[in-house]
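What follows is a pair of complexes built around chain A, which joins chain B in one and chain C in the other.
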Partner chain A sequence: MSTLWSDLVTYADPLMEGLWVSLQLTFMTLGLGLPGGLVLAIAAASRSRAIGMVATTLVELGRGTPVLVLLLLVYNGIPLTLPAFVAAFIALAISTAAYSSEIIRGGLQAVPEDEVEAGQALGMSRAHVLRDVIVPQGLRIAMPPLVGFCIIMFQATSLAYVIAVRELTAQAKSIANETFHYFNLFLLAGALYAALSISASVLNQRAEKRLNRHA
Partner chain B sequence: MTNLGTGNPAIRLENVEKSFGDHVVLQNVSLSVGAGQVFALIGPSGAGKSTLLRCINLLERPTSGSITVDGVTIQTDHTIKPKELAALRSRVGMVFQSFNLFPHMTVLRNIALPQQRVLGRSRADAEDRAHALLGRVGLADKASQYPARCSGGQQQRIAIARALALDPKVMLFDEPTSALDPELGLEVLTVMRELADEGMTMVVVTHEMQFARDVSDHLVVMSDGGILEEGDPHDIFSGPRHARTRQFLRAVVDRQ
Partner chain C sequence: MTETVWGAVAQGIVMTIQLTVAGFAIGAVLGVPILALRMSPLASLRWSARAFIEVTRGVPMIVWLFLIYNGPTQFDPALGSVFTSWVSAVAAFGLVSAAYMAEIYRGSLRAIKQGQYEASRALGMSSVDTATRVIGPQMIRVAVPASATYAIGLLKDSSLASTIGVFEITYYANTVASTSSSATPYFVAGAYYVALTLPSAWGARRLEARLRRGVAR
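Let's look at the complex of A and B:
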């Protein structure tokens, strides 16, 4: 126990640097992936069969491919040499877009048809009904599972360790390689992931209550 | 089927038919509503009243027939262009049984937003108009509330204000008081009566027989997807020509 404490004190700086990289990777992934998921969800419900098929195919491919494979594919597979961080963020964003589009689609479909009809009867165009009625409410409905999914993606950034992104897991591993304190370092890394994930879940539950005020 | 409208009718339906697969919901319905007239549509459940009403603004797409509102005619048996649809719907306001306000917007935004989107009014103009209409339906103090904080009767009056804000030529009401207890329903009927007095052309599907008799100036009795009889409400209430009408009126008027 005393060595766990001393490891924490000694390696706090490199671990926090790793955590910061993990968080940056998470936010960039979500920043590209979630809007991508919204676009795919809307496209999958398109009246044009061609657009719907393309979107559905992209979603199924994205969900069907393991994130680890996507990471290796973008980093090593394509002829373009990208910095590890950029490759990780693209691969994780593809996966995020595919998975979140299904969650968002569920939310959009849960918006009562009555309200869509009200919009139509008022003479609003399809695009306006989508933008002003369906999307804001659908996203609200999808918010709790969506935040849960974002927490999973935060944890999935640890996979970027295999393409040498210096995020939290990679930092823990590299310190452990020098000190052989594998147990301590991975325990500390795990505790940091858990601390952030659990805090985010608690905030999510509070936000959910607030969002339901006007339902 | 007599045409009681004078001059150019505000709404004219010609040979409107609607079927879902083999099931015929409306057969060969023709109707003509004069400007300023208040039509009440009554009849048993499943008669096709709501379907007929929803065909007027094409929420329900008729299988065949033509629909004319304020000079805009749509032949329903071929593709309807978005422009035609927009022209038709801009002339028709609709009020639903379940109000269908947008729950994520304040009362004010519910009324202002469609004006901005459909008529291109500025936000300030649209909100001025919304405030004025809220005052007119007696809900000036509700502007910043969300719909869920309003009673059913208040929500329905807000829905009426939302429709009126777009300056429709005709207003359709689909059982506007059926989801309300009698007292709250009365608030809504009062607003509708005022609207009728101001000369708005209205078509009302209703089970409120008193409104049908006293406020409407033309009664249409429907049954099994067709018009059974139509004419002056007092005449039909006192002397229905059709046995089916008599049976229906006995059930709704002479209730114990």
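Let's look at the complex of A and C:
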């Protein structure tokens, strides 16, 4: 137990650096992946069957392939060699887009039909109804599960370790490989992940209760 | 060349399925006592179950794998032969699944109407009978879709076991990719995972429909 404390003190800096990389990766992934998910969700509900089929196929392929395989594929499979961080960011964003599109689609479908009819009765175009009626309300409905999913993606950034992105898991592993303090280092890394994930999900639950207060 | 890649990566399919089934089975069974603790009248038990669930789900699977596989060797290198790749992977998947399954069970328990309990009590049924004959069967029916979704997710998560050297699909893809220096094996691996998840999803829907048969809604 004393070694755990001394490991914490000694390696706090590299671990925090790793955590910072994990967080950067998370935010960049979500920044690209969530808008991608919205586009896929809208495309999947498109009136054009071709667009709908393409979007659905992309979503199913993205969800059917493990994130780890996507990571290895983007890192090794593209003719040009991407920096590991960029490859991780692209692979995680693809996965985010595929999964979040299903969550967003659920939200968009939950917007009452009356709202759409009311918009049309006011002479709004289809695009206008989509932009100002369906999307804002649908996203609001989808918000709690979407935030829950973002927390899962934060944890999924740990996979970037396999292509040598220097995030939290990679830092813990490289320190452990030198000191053989595997248990301590992974315990510390795990505690950091858990602390952030749990606090984020507690905040999410509070926000959800707040949103539902007047519903 | 490509035919041998398909064959080489296919060597891992059985292991991927075994890992998924073993991890899910442990989770599905352990989820029940965890649920019981989570719903316990004693606040301390309730809170410890809740803490277990939150912490287990709050740590990424890969960290669990390393913690169980590499962790014990810090104390005694000989423990490495106890926590082999396979044992560690099954333990990690079982542990995490148990936490998720307990939450799925809890969700389906909440879907059962209060009137069911009252009716059982009115009929003079014991609490054990109520649980096993009235609430349990209905709960399973509600829990099937979410459990199936989780199991399919676990099938894909089993790819992480390659990082601790379990010979499953991704492991073989890595091996072939490193010897042939091409990315084809990863496409092949992706195709196998998609091919495995599609029939699982179909099977789950069939099971769901079957359980629903003859039930008034």
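A few comments on the model shown:
One rule holds in what follows: the second predicted complex is superposed on the first by the 212 of 215 C-alpha atoms of A that agree within 3 Å, B and C clash if a C-alpha of one lies under 4 Å from a C-alpha of the other, contacts with A are read in each partner's own complex, and residues count from 1 in each chain.
As a working rule, a residue touches a chain if its C-beta (ideal position, glycine included) is under 8 Å from a C-beta of that chain, and two chains touch if they have at least 3 such contacts.
Quick caveat, the model's predicted, so the values are computed rather than measured.
Aligning the two structures on chain A places chain B and chain C next to each other without any clash. In the superposition on chain A, contact is made by A:159 with chain C only, not with chain B.
Using the contact criterion defined above for the overlaid structures, shared-chain residue A:183 touches chain C, although it does not reach chain B. Touch criterion not met for A:146: it reaches neither chain B nor chain C.
Once the two complexes are overlaid on the shared chain, A:120 sits against chain B while remaining clear of chain C. Between chain B and chain C, the partner in contact with more residues of chain A is C. When the shared chain is aligned, chain B comes close enough to touch A:132, but chain C does not. Once both complexes are placed on a shared chain A, the shortest Cα to Cα gap between chain B and chain C comes to 27 Å. According to the touch criterion, chain A has no shared surface contacted by chain B in one complex and chain C in the other. Across the complex, chain A is touched by residues 57, 59, 82, 86, 89-90, 92-94, 96, 98, 100-104, 113-114, 117-118, 146-148, 159, 162-163, 166 of chain B.
Residue ranges on chain C touching chain A, taken from their complex, read 54-55, 57-64, 66-67, 70-75, 156-157, 159-160, 162-163, 170, 173-174, 177, 183, 186-187, 189-190, 193-194, 197-198. On the chain A side of its complex with chain C, the touching residues are 60-61, 64-70, 72-73, 76-78, 155-156, 158-159, 161-162, 169, 172-173, 176, 180-184, 186-187, 189-190, 193-195, 197-198, 201.
Residue ranges on chain A touching chain B, taken from their complex, read 112, 114-115, 117-125, 128, 132-133, 136-137, 140, 213-215.
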